[in-house]
């Protein structure tokens, strides 16, 4: 089965797009084409509510512009900015990488943990868990101290901080960890070895879940919350 | 005490701004100046998640541009778009009109109800209640069938629909009603007479609450969630 | 606009009433008269469920006796004793100082904390948060070790204990603190300087919120929970 | 084993005490003495928050006066007025009849329902369920239309209203019903026949549960919430 | 990529196994082998808690016997009997078809609904939602009146009942529906046409999700809840 | 009043049955006969989800075989395996020892704690609390390090570990402790002395509660969740 998945780098920094695309391609099925796109109206890197507000609008505008060209879309930022907006714009499935990570993590352990970037990101992750109604399944959200901009330069350098945050999450009851940034790449193998728990990478989680929905012929419901917006031109 | 409150019409339709400002001025204390502003990068009227995503970014950009010029700000759309983003941008208090309505309604009845615009807006209000952690205090969210654009033209024409939605909310346990749109103006007196319950108007609720915070010298906390964004120039 | 707010010292110790009234007068609008009253049938100081039960009945009796003489009432004890009883007795708004503190704190930070008096008071605060349905917005309730009777004598002497409790609450996620006793007066400025977070004082919070409700013409709903009691003489 | 259970009629109407005592005696074990007591400082019948505030204080004063004379106490009003206050006053177990009803009902069906007196009592029961943290186990609270004063005169006359309320609760998911008033006596057999579900009578539920605690040597914890009040003379 | 998925018919009726296997094979990726297995110690068809208790043990025994022979396992009964037991027995991922359905449904609509078999199954589904911590995402559980044994004979005959249950769920807020039985086969297309919402079929949902986990190299966490049982022989 | 209570040792180790029966007999009323039974198809000792799955089925089979011979049944394992299954099989009340412990503990302190066996048992207890809908009443679940098999040999040897776990639970807010294993016998008196809080023993709690239900003529509801299974022969 062939399909095209739009993978959106929600940051405006285009150099982040390629690493995400490569991470997606590594796990994509034969026949799946990953189309990377950069949300150029967004902020350079996303580390808080202001950044996410701008990213959300930029992602939505990008999906509006591209709709009709993809079978599913993935928003490549762990805050899932613009997710519900994009669901209104198309009935092709749209996934956030945080939402997808949680969906997989919930099948692998009793409760999961999130290792996020910096301390200011913790409240946003707590809000996201409540937004999805799964707060009781998350044992802890812990900051690694690694900023998005540093992760883009060298994710492996952040490994020790991520490990320490992971240990705190495990001590609080987490049995599986979600890497709370789409750019925490190339760290999974080392972390699994050091921590002894499954590590869910966000972009791969979302890409495989998007493939499922397409393969099953499932599309976003259009009966209430995610109706086409009245303020955009019809396709 | 003199203060300046920035009242943001989160829609890009500038003709909506003046009625909101007048509603605010009617309840403002002597010494309070209401400064209206239109979020020009927003959508013309806000009726869903896509609209709110664009409105949120537009409101945040407006607050960024105006910061330093107000003692408090009020976001004049019942979805509170951009609220947490704006709290990062300034330590002057920023209030959403939904959040403020809920705060007052919770002091007037055992549980409250929300009368929103159209059916597609119901899920957004449910999310908002969960976001603020007060879902158990709301007995029902009911759609009146009145679109924002119609409310702008003639809010009184929507009175019957609002009344019917209010009755359903009361039957479900609501004892006080929040009008779920900043443009449901000039309907309160008629509704209170017809329904026999207190009716909370959103813009007035937020303006008086903003005045309180300024008068008490309370400012947005800057220690974690609402730190200044790293991606904006310092003031 | 002129109005009269009945400020009830829920303790029977009349020497506590004047400091509360002064704290209220400092923030009241021009035209607002603060009328202090002591709940003489109450216990001398309130530090547990038995004390609150007696205080609740005493406050209700006081409001019954005074009804018709005030535009709004404020119950000056952080357990909000008798609050729902008083709402039955009058349609003039009645506020508890805890409830009002929470309403303001929720607009200033992602989650708030409560600094209470002594350890035995912690469960009561947890119950109160659940009673108002806002438990997810409070990161921690921490005891300062200061008893009500000590606070009345010298609130500043309790400053170090309050500061330590505040630090524990902040470490647990609080971004704004509520002072959990109406007598923790004259400590706010020092605490804000030491802790770097906004501090909500309970009596001022409630007085300004009461003014809002009066100014907006909002009155307690009388359709269900807060109907006039059948067992009291009609006004 | 011999024991003495203080059964408190929380209403000041002494004619209600004997029927409660008889209902208790019917289920008490041999060796258990039921000592009836009327809360004379209370209101004549309890139908709202004001009534409960006065009843709570009256019950607490009664328990204070009688402490040392009973092995366990039961508060005979479905709002459990003064329960936590009484737990501070003695380490002999104190039970509310609502709390005890819920404890038994949760063992008999997937979710239970409450048939309360009049509509204004519904919010109080909802609060009580949240107070005990068991709101998810109750499918519905339904008013029968029977006032306490009518139940005292002739509970059987209220049977049809109770039955209709019970049917609504069952339709909403209840599999077992709690009679939400200590005076809904002599109705159980008829209701069980008409409705085909187990009916939990409040006073008998609490009396047997109180016997258990005494027989097991279990006493109220005194380490935090229910410490002896500082404001009462030591025993 | 080749993999072997063990698809367990949790009923002892072996004729149900083949239809499930065919439904799985229709959506499986090239290279995935679906190995059907019947839980022979189970009950013939599962319609309640007793049935699920026996099914759970039977499924666990089957997985114990087969462990080492599969890359992932799927439990083909909507109550997910034995799921956590099986997770202890292997680090190969094990999925329940209900859990997997919920994971997909949550990405397609604001809230989902469950169409279950008969009325007695509703409480079990409510429990399952709470067990997974996602109760706030489900708008309604509605019974179609179709018994498992009837669905096995002719699922299409149950179409009208399923449709009516679906309509009730949609009216209660559901935007996407989960078919609450692994044997509601061949009904999806007709239901999507009649109801206009996406319909999630349970077995296909779980099979594709199982493939994801295997493809991503994710295995069940073994650090706490799902450690190898002490009472079984090591592999 | 005479009655017969079936006390089920859910482990297959028959030597555990007699100590449980003796613990039950010590608290049973005159006229109550305790009939011990061993779930011979179960695992030797229960320490996880797999063990509980097998125990649940074994307990259900035992109750099926014995139904008609008892007035109430008690499942003697703190995970309450098979509880809802057994409720379907009989309208004689069936109690789990965990459920019964929680019911009593909730009347003795503001929040309770659970001292369980080993760390892997903690998630199961958390699930159980959510299953019963009482998670907010439990302050902590703490592992003592004592395995079931060790407790059977010498419960007193586990005393120090139980005490330490108890202290952690108390520090986290527990005011009363539930011993989370039916074999933590002969430790209560020492623990109460060391910890100064009431200690609820599981088997005695359930036996007295079962007596109550029988004495009050209360039987399991049969209208929905706990209907007779379709797959078992009628009595």
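By letter and in written order, the chains are A, B, C, D, E and F; residue numbering begins at 1 in each of them.
Note that in this section contacts are C-beta pairs under 8 Å (C-beta built on N, C-alpha and C of every residue); 3 or more make two chains touch, one makes a residue touch a chain.
Predicted, not measured: the structure shown is a model, and the values here were computed from it.
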* Among the chains, which has its CA centre at the largest distance from chain E's? -> C
* Which chain's centre, taken as the mean of its Cα atoms, is farthest from the centre of chain B? -> F
* Using mean CA coordinates as chain centres, what's the chain B-chain C distance in Å? -> 26
* Mind checking the centre-to-centre distance between chain A and chain C? Centres are C-alpha means, answer in whole Å. => 43
* Of all the residues in chain C, which ones touch at least 2 other chains? -> 110, 122-123, 127, 130, 133, 135-136, 173, 224-226
* Chain pairs in mutual contact under the definition given at the outset -> A-B, A-C, A-E, A-F, B-C, B-D, B-E, C-D, C-F, D-E, D-F, E-F
* Any idea which chain C residues touch chain D in the complex? -> 43-45, 47-54, 56-58, 60-61, 64, 82, 84-89, 119-120, 122-124, 127, 130-131, 133, 147, 224-227, 229-232
* **Complex interface listing, chain D residues touching chain B** => 122-123, 126-127, 130, 135
* Interface residues, chain F side, partner chain C - complex -> 110-111, 136, 173
* Asked: For chain B, which residues are in contact with chain C within the complex?
  -> 27, 29, 93, 95, 99-100, 103-104, 106-110, 132-137, 170, 173, 175-176, 196-198, 200-201, 204-205, 208-209, 211-213, 215-216, 218-226
